[in-house]
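Order of writing sets the chain letters: A, B, C and D. Residues in each chain are counted from 1.
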Amino acid sequence: MTIKIFVTGGTFDKEYDEIKGELFFNKTHLTEMLKLGRCELKVKIETLMMIDSLNMTDTDRKFILDNCKKAKEEKILITHGTDTMVKTAKFLASFVKDKTIILTGAMIPYKFGSSDGLFNLGSSLTFVQTLPHGIYISMNGKYFHWNNVRKNKETGKFEKILID
Amino acid sequence: MTIKIFVTGGTFDKEYDEIKGELFFNKTHLTEMLKLGRCELKVKIETLMMIDSLNMTDTDRKFILDNCKKAKEEKILITHGTDTMVKTAKFLASFVKDKTIILTGAMIPYKFGSSDGLFNLGSSLTFVQTLPHGIYISMNGKYFHWNNVRKNKETGKFEKILID
Amino acid sequence: MTIKIFVTGGTFDKEYDEIKGELFFNKTHLTEMLKLGRCELKVKIETLMMIDSLNMTDTDRKFILDNCKKAKEEKILITHGTDTMVKTAKFLASFVKDKTIILTGAMIPYKFGSSDGLFNLGSSLTFVQTLPHGIYISMNGKYFHWNNVRKNKETGKFEKILID
Amino acid sequence: MTIKIFVTGGTFDKEYDEIKGELFFNKTHLTEMLKLGRCELKVKIETLMMIDSLNMTDTDRKFILDNCKKAKEEKILITHGTDTMVKTAKFLASFVKDKTIILTGAMIPYKFGSSDGLFNLGSSLTFVQTLPHGIYISMNGKYFHWNNVRKNKETGKFEKILID
């Protein structure tokens, strides 16, 4: 079993530009993070884009969808900015039925030391192995169905819309 | 749903004694790690012992078993040294049938910066949510059934005995 | 001997706002850094402002000057953004003759893991102990007299204007 | 001006052997640390030995002395375990009069995240630039003359024997 990882950017991969004193995107840190976690799963990493999810367009989402459909793998992990993660999940859910797709992200960039990214990565790679077909968001050790989740903008946490 | 976490020591929690220049055990770092990972799961952490698993006795294993049985929670995570993790898993498997128990550990102490512990913790807390009743070992993003796993002493990695 | 440390902000103390996804200033990390470095010097830390040095006004510089003059301590360290560090050093040099004042900063925020701040802090606290009265900039293990230094905007490094 | 750095091992360079679960010495981290600190000084690093200073013999000390004498550089930094650092300083002081030699170390290994090593390195490279000829120990932001220092074995800190 091989897991496909699509990188789209988001807080996960933000870096600090020391000349300009600003945040920016360079290359993904996924390979480095998997090595740090001593991950022994078979994964294929492919960077689709490196953007803040607030800047993600419909064309970008279509591109993500096309890649999810095209992928031979049945299990797909997408790293994504948290701000529009739910929107992308909904879009994918309309068109993909026969795969397990997990979207995950981070609140603190991996390069900034105290990142939640490594924990989320471990958690998401596990959900993608064990959950049935469907589109899910995985954050904070939890998973959410695409149609019952929202980001609480004040706390920065993901939560169910309808509590069961 | 609440997840019970039993701490038994192992590399996860090793620290550096700066006066003696040696490794030692103090308190567990689990709470700190869950905070770093921004974990939002309901967990109850209980330290049963703080030892190197090479020093774990039959009495210690009996004590772990008793606590697993006594626990109200159906989902249990045990942090454990990797050297005798398989032995403890086998012992628990003989007596516990109606719970999901995951044993996990780390190759590098959490306090030593480049730890695989945070990744394993995220991964294990997910397996415990999604796997059916049984005793499992979770390392390197993978899970293993208690009766089909061994630690490769040369590579330090866990692997299946019988490849399926 | 007590060393006075005046905090003015700069890259040293930048943090990541996880709700807004932006850089911001909160409290100084100097106390934490001195603890990490196991510093045993007597220091008094006082935060004068928490700003990006690009936003530092003449009024701000006057406020720093007044505090340098008023301080009982003969040895003063100022943490400062690198962009206008030279400007502040020149301003102080016109008015303070009887103290050793070191300005220092960082290219990467302390909270972002790979910071040069701890190295610069160790270096600067040593220059302030050993250099004669005067105004200096300390970066990258080197010290510069206020009147023979510039920041190279392309490399981000400080360098002498006239090579001796 | 070039600074010679002689590496002898000590806590600075201890690493964690993940197969054996023990501390060990591999290669020095000095180059990596200088890069992290963005040090722009001209330095030449030479590893003389990689040992715990409790195991340092008279032959080892003689070898360090010979290298200090032979070095063209007038400014020398020696990384050294803290336990017998004072002994080595005394030995060197009997034979070297025309150089500035700083011995430094760490209480926590650099690889273990919360190391005081980077702070000490910044501090020591500054003392070696600014102090007159002599043999000194630099720890915790302070410097000590070779003949007025001891390591307090209970606190792990270096202190003056005679307070001035």
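Please note the rule applied: contacts are C-beta pairs under 8 Å (C-beta built on N, C-alpha and C of every residue); 3 or more make two chains touch, one makes a residue touch a chain.
Owing to the predicted nature of the structure, the values given are computational and were not obtained by experimental measurement.
Novice: For chain B superposed on chain C via Cα atoms, how large is the rotation, as a multiple of 5°?
Specialist: 180
Novice: In whole angstrom, what separates the CA-based centres of chain A and chain D?
Specialist: 45
Novice: Based only on mean CA positions, could you tell me how far chain A sits from chain C in angstrom?
Specialist: Using C-alpha averages as centres, the distance is 39 Å.
Novice: Taking each chain's centre as the mean position of its Cα atoms, how many Å separate chain A from chain B?
Specialist: Chain A and chain B have C-alpha centres separated by 27 Å.
Novice: Mind pulling the residue numbers of chain C that touch at least two other chains?
Specialist: 107, 114
Novice: Which chains are in touch, pair by pair?
Specialist: Taking the chains two at a time, the touching pairs are A-B, A-C, B-D, C-D.
Novice: Contact residues on chain D for chain C in the complex?
Specialist: Touch list, chain D to chain C: 33, 36-41, 107, 114, 116, 118-127, 129-131, 138, 140-143, 157.
Novice: Under the touch definition given earlier, write down the residues of chain A that touch chain C in their complex.
Specialist: For chain A paired with chain C, touching residues are 11, 14, 16, 18-19, 21-23, 52, 83, 107-109, 111-114, 153-154, 156.
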